[in-house]
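The same subunit A turns up in both complexes below, where it pairs with subunit B and then with subunit C.
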Partner chain A sequence: MVLSASLVRYRVENARFKVAHFTDSLSNTYSVRVEIFFATQDGLLAFSGSLLGFGTNEWYFKLSHGLSYGDIYILSEIPNPNDIPLMHNGDYPPWDALWSVVSCPLSNEELCNLVSAECSSLARLRIYIHNCFALLLRHLPSRLRSCVDAKYYIQHTVNLHGIMNHIREFFYVDRNNCAVWGFLIPSRLTYEFLPEYLLADGSSYVKPVPLEQLLLFAESDLGLNFCIANKFLPVFF
Partner chain B sequence: MRVLAFPRNVLLDPEALKSYVIDHATVYFSIKLEYYDHDEIETSTWLVQPLLFLIFYPPDNSKYIYTFSSEDGKKSCGISLHVSESPRSTTNSIFLNYCYNYCYIGSNIYPSTFYFRLAKKWRKLMELDKASPAHQTFHVDRTADLAISNYFFFWGPYNNHAVYILPLSFSEAIINEEPAMLGKFTHPLEFLEGENLDPLSELVIRRVYSWISDLS
Partner chain C sequence: MKVAAVPWNAFFGYSFPSHLAQRNDLIERDTFYLDHYEHDEIEHSSSLFQLLIFVTFDAYSGKLTIRDDRYLFTLPNGKYAIGLPFHVNLFEPAPGMAYCSLKRGLPFPGVYISCYCNKVIIPKELNPYLDFLLYQAPMVNGYYELTINKKINFISFLWNSHLVGKVGYRIPYSDTDSHRIASSWQFLELPERDELSDLCIRSEESWYLALV
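Let's turn to the complex of A and B:
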């Protein structure tokens, strides 16, 4: 069993979230997932299944990634996600195996101990989640660039300190027992990560979807529903 | 029953909201809102109804929520209320300051008072403020506690309800004076692991439960 590929799971004990041991039963446990939405002026960006390479849908409204043991390992070894190599043998790793670009020398028990120690507190988990968020952000434009044309210069580093104050975060528990940490990137930053000329050339892979169409999917996709409310419904002071 | 509703674009577009406020402004710097027959607009796709969802937690532990069986037998964790037109009396109603300091137009709008008329099944639960029996209205310490600050999600097959979740501290002992409302305080995830859940309650818990607060 390759523990690196397993999702980090939590169980609730005495009203606290505790990291479950990898040998525990999966019933009533919760994995942690990062979801990233990219806002446009009047909607969100959708990404093609061929670009993201996960799932069977034609289009996706979010970048979604379950936090695995392997993610925790590479993010603990290489705290700055900008230093993690993007490519392995010339290929991009699958989205659910970003950790596979670095080999993990730890035994399963050692890796489990690492995750238990690092993911038990909110303060530590927040660091890993934010670094994972940065790693995903770093992958996306690179993959899009590789799909359309290599001539574009893409900024490969993500400075979290400069942008986190502008990104809305929200939390929920989905119907698949995932505790979700959601990020909504405002339209101004969306176009910094994915410049409009790149979006224009990559229109087969990325497209803006207006709110009216997003609402059609809001009932079946909780994250989308909560994200839409976060972005579009008014805030009163 | 006539309920408050907004054209969808008013709630979703800051410019449209600004125009709506200007068009509906009164001389007293308040806004005159529009109410519609609930049955007529329930399937409307262009009118969105604000919906208040009250959930209750014990005074000493906000991690738990009060859960009970509703009249249809489903497990529920709160009460949903439409905003109704001015009440005939204040009895069995609660009021809400919708907003003040209207951020989109940068000027103060005096509080508009909205009334939530309670269905009979909820009255006993809400008439529990022993400190002010003469009013027999639902009571909170500060009216600001009932101010909608932001909506949490859309609800309904037409996405025509904008739900605002309001958590309130409540005493289990007081609630249990009404046998029909007998329930218990439950951890949100324990509630979600149950069966036969009221769909709106389930969505509220999924959205409002802050799992990160249960980490150390």
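Let's turn to the complex of A and C:
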């Protein structure tokens, strides 16, 4: 069994989240997922399945990534957070297996101990989630550039300290027992990461979706539902 | 039953205050009103959003705590719930409705709006399912009238053609009530859950707090 590929799971004990041991039963456990939404002026960006390379849908309204044991290892090992770790042959790793670029030398029990120690407190988990968010964020424009044309220079080094105050974070529990840490990138920053000329060239990979169309999917996609509530609905004072 | 609703495009982005500002007929000094419609006529409308307040019954022990225990009950359809939905009415209290008011907010230029949920009246037919309210909430003419008097700060989620805000009604509890209350996690493990209660729980940040 390759533990790196397994999702980190939590069990609720006395109303507290505790990291479950990898040999425990999966029932009543919760995995953790990072979801990233990119706002436009009047809606959200959608990404093609061919760009993201996961799932069976034609388009996705979010980047979604379940936190695995391997992710925790690789995020603790990356020396420079602005490097994009690639496979040995120079290819990008699959979205759902970013950990596969580094072979983990730890035994399952050692990796489990590392994850238990690192993910048991909110402060530590927050660091890993934010690093995972940054890694996903760096992958996206780089992959898009490789799909369309390499002539564009893409600013894919992300200084999180400068932008985190502008990114809305929200939390929810999905219907399939995922505790989700959501990020909503405001339109101004969306166009910084993915300039409009790149979006125009990559229209078969990325497209803006206006709100009235998003509403059609809000019932089935809880993340989208809560994101719309966060982004578009009025705040009372 | 007349309920408050707004055209869907008036409620998004920054257009809600300007939508209200353009309707002089809906402004009376510092109070704003919305158009009200017959509920059955707009229930399946795709052009109007109805406002809904979801009231949860929070178990309050008098101690400062981050626990989110709530009274659990079953609805007439047999499903478990932790709260009840009320359509918003800005003109008069009525059974099944949340009597709310929209007030001008901060004294800055532009229209800043505060939404107050003043009172909700529970339909009589639900009384047998809410026995924990007995002696804890005032009853008027056979209806439980819950005085809320709290601000609704934001819309939490969308549900069909409804925009749902949440508010809690505190009920003092003792240990003898412990079998009737449930935390968010306990609720999520129940087999038959009411859809709105489920959405309400899922939209909360409790998993994040559970790591503290």
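Methods note: the second predicted complex is superposed on the first by the 231 of 237 C-alpha atoms of A that agree within 3 Å, B and C clash if a C-alpha of one lies under 4 Å from a C-alpha of the other, contacts with A are read in each partner's own complex, and residues count from 1 in each chain.
As a convention for this text, a residue touches a chain if its C-beta (ideal position, glycine included) is under 8 Å from a C-beta of that chain, and two chains touch if they have at least 3 such contacts.
Small disclaimer: the values here were computed from a predicted structure and weren't measured.
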Superposition on subunit A - do subunit B and subunit C clash or fit: clash
Partner chain in contact with A:Ala229 - subunit B first, subunit C second, else both or neither: both
Partner chain(s) touched by A:Ala179 [first = subunit B, second = subunit C, both, neither]: both
Which of subunit B and subunit C A:Leu122 touches, first, second, both or neither: both
Footprint overlap on subunit A, comparing subunit B with subunit C: 12, 15-17, 28, 30, 120-122, 125, 171-175, 179, 181, 211, 215, 218-219, 222, 225-226, 228-229, 232-237
In the complex, subunit A residues that touch subunit C: 10, 12, 15-17, 28, 30, 42, 120-122, 125, 170-175, 179, 181, 211-212, 215, 218-219, 222, 225-226, 228-229, 232-237
Complex interface listing, subunit A residues touching subunit B: 12, 15-17, 28, 30, 120-122, 125-126, 171-175, 179, 181, 211, 215, 218-219, 222, 225-226, 228-229, 232-237
Residue ranges of subunit C touching subunit A (in the complex, touch as defined): 8-9, 11-14, 16-17, 67, 105-106, 112-115, 151-158, 160, 163, 183-185, 188-189, 199, 201-208, 210-212
Interface residues, subunit B side, partner subunit A - complex: 11-12, 14, 17, 63-64, 98-104, 147-154, 157, 159, 162, 187-190, 192-193, 203, 205-207, 209-216
